[in-house]
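Next come two complexes built around subunit A: one with subunit B, the other with subunit C.
Presenting the complex of A and B:
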């Protein structure tokens, strides 16, 4: 997959930032990233190896968004909806946090820490929805 | 006959046909929810709306659209999102009234695409016209260019969007033919609602596919488009106007 090679190269700079934040997180424990609901497979936690996901998720999402929106390709790997469904977990009361509410939200937890502003969620929902199941995507009513 | 189910069946049939072993078949059916190939320019999605079957005071299609895309924000009426609306036409001479829904007509030559300075307003290969809101700058040229008044602008910040239907402040939106449903083999929400209401006034499908219900119906009955003088060749056709 050509995109991954490009992504790996581009990722070098960002990876430094992640290392720094992980180290300082160990000391100050300000960075708490909620765990995903399930592993992608027995061998792999997410749809790509964790280091690729850490550095490249933005680019993967952007690539996938063009495939989906322009060409109607709708697989679940690299889809924002599937990310949200698996990664955004409920709090003790069983409520899902929105990205606008607190650092319990998966995306927010890291992006606030890294001081990166994301505007995905002005349009996209940041919460999983009941009608969507992790492995089936949108449950169609028919 | 339930058109959306019929289409879904033929979709499943096709994906089953390319499988080689029973074990693989199961997998392929669960994958049938997801479109893995890019859409093709040999497809041309369209609808045929029978105005004789469309019932004047029924708003099933409009309500379904509102629900499907969560067009429910509490804003003044002049800035309410309108992806589909019911219109009553009255022949002044005879007094005959007909009722019909009007949504984005998914023009073959869409003026909204011509005028867009960023390429946000675009037509997919299969004829569905949508807005790429990642690059829409909210200039609203497309709203002015559309002769069918099909587009809306989002004026206020939104919450609680549906996962399959992202929408947001500062961008233009319109009927997207329920594109994510189409891609996964299910019919648009308005078509489904019209069936549920028992009116079956709308059929949809690939107008280029000789086996599709819409292709056959279009061959059989006389239909027309709105404002044919503009030569936009819309994908939405009306019967009985």
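Presenting the complex of A and C:
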């Protein structure tokens, strides 16, 4: 029967494709996340435990934003400026990556990987204060 | 290696195997099952091209359901389209780099989950409160809705409330997909994520044994996929000819 032979051929091609893709799969591309400049304290790497930061950093930043913008409460606890200052590090030439180019930017490394768009940097800078304090004079701390 | 990582990696392989080969076998079975009768539901297309259009309309916009029942059609189309968008959004966990289309689908997929739940609750209400539907409903009808609801609710909760480490999860998924066992990444073990994955894996496993086979099945429905040309072209099943037809001299052409 015609349809049988077609199906048989299809099955052969499929199983071949599976074998080829299995062999050529190789290893997973590993994600490189740039290290921060320093630990937050002796016990803790960041302002909250790492598990919390990985899951909740977006919420923390949004919460902080609304506290600051709508209620005028301005602390340094979950400040975006402080995140950027510690997490965005210069390359060997001393240049700082921005969120728009180069995979070495701390935020960009994961957000591109997980296809999550962020709008923080439509207003805020994605580079630490020290990167432009040299030619623009000391940046006012908030 | 952590228990959950190994457990879900193996379950994923088993479920994928059952889904692929189960579905492949059912499609094969549908393809070789004879359709001895010419029974397109009329009015039916007179050409093969017409049949393609008819099937496409049936698959994409559920035309016959639309004609028979508007409110069921509404819930069905909401659920199925939302499911498509959600599925496209989930592709981000299975590829690196992520396709632009999948990146663009992200915000839509996030909110499509609510539409999906709305559709599912509508279909569940139909099954429970429409008396004649309730009368013919069997446990497996509820099981499918239940599994899809668990998937939808847990997924929406992960996305909007409890959160999980999606970067770590993607690393796990990619290492599983690439058969990179020596370098298998650990999986985040948030409760909601475990529930979500368990329901997904269960659905993959029951798929080839359940009513979810309407996905490939619709293409093989004789009432939908046949051309209305019984007079122009005689409809025969080869096995029927072999079994029942002798070739008397009078019917063979000179």
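Please note the rule applied: the second predicted complex is superposed on the first by the 101 of 142 C-alpha atoms of A that agree within 3 Å, B and C clash if a C-alpha of one lies under 4 Å from a C-alpha of the other, contacts with A are read in each partner's own complex, and residues count from 1 in each chain.
Basically, a residue touches a chain if its C-beta (ideal position, glycine included) is under 8 Å from a C-beta of that chain, and two chains touch if they have at least 3 such contacts.
Here the structure is a predicted model, which is why all the values come from computation and not from measurement.
Q: For A:31, is the partner it touches subunit B (first), subunit C (second), both, or none of the two (neither)?
A: It touches subunit C, and subunit B stays clear.
Q: Report for A:42: first if it touches subunit B alone, second if subunit C alone, otherwise both or neither.
A: A:42 contacts neither subunit B nor subunit C.
Q: For A:59, using the defined touch cut-off, is the partner it touches subunit B, subunit C, both, or neither? Pick first, second, both or neither.
A: Second partner only.
Q: A:129 in the overlay: touching subunit B, subunit C, both, or neither? Say first, second, both or neither.
A: Touch partner of A:129: subunit B, not subunit C.
Q: With the two complexes superposed on chain A, say which partner A:110 touches: subunit B (first), subunit C (second), both, or neither.
A: The second partner, subunit C, only.
Q: Once chain A of both complexes is superposed, is A:72 in touch with subunit B (first), subunit C (second), both, or neither?
A: first
Q: Could you tell me if A:93 is touching subunit B, subunit C, both of them or neither one (first, second, both, neither)?
A: After superposing on A, A:93 lies clear of both subunit B and subunit C.
Q: Between subunit B and subunit C, which residues of subunit A are contacted by each of them?
A: none
Q: Given the complex with subunit C, which residues does subunit A contribute to the contact?
A: On the subunit A side, the touching residues are 1, 3-4, 7, 11, 14, 22, 25-31, 51, 54-56, 59, 110, 112-117.
Q: Which residues of subunit B touch subunit A once you look at their complex with the stated criterion?
A: 4-5, 8, 30, 33-39, 122, 124-126, 130, 132-134, 157-164, 166-169, 171, 179-184, 186, 192
Q: Spell out the residues on subunit A that touch subunit B in their complex, using ranges where they run on.
A: The contact residues of subunit A facing subunit B are 65, 67, 69-76, 81, 84-85, 98, 122-125, 128-129, 132, 136-138, 140-142.
Q: Could you pull out which subunit C residues touch subunit A in their complex?
A: 24, 28, 31-32, 92, 96-98, 102-103, 106-107, 163-168, 170-171, 174-175, 177-180, 182-183, 185, 190, 238
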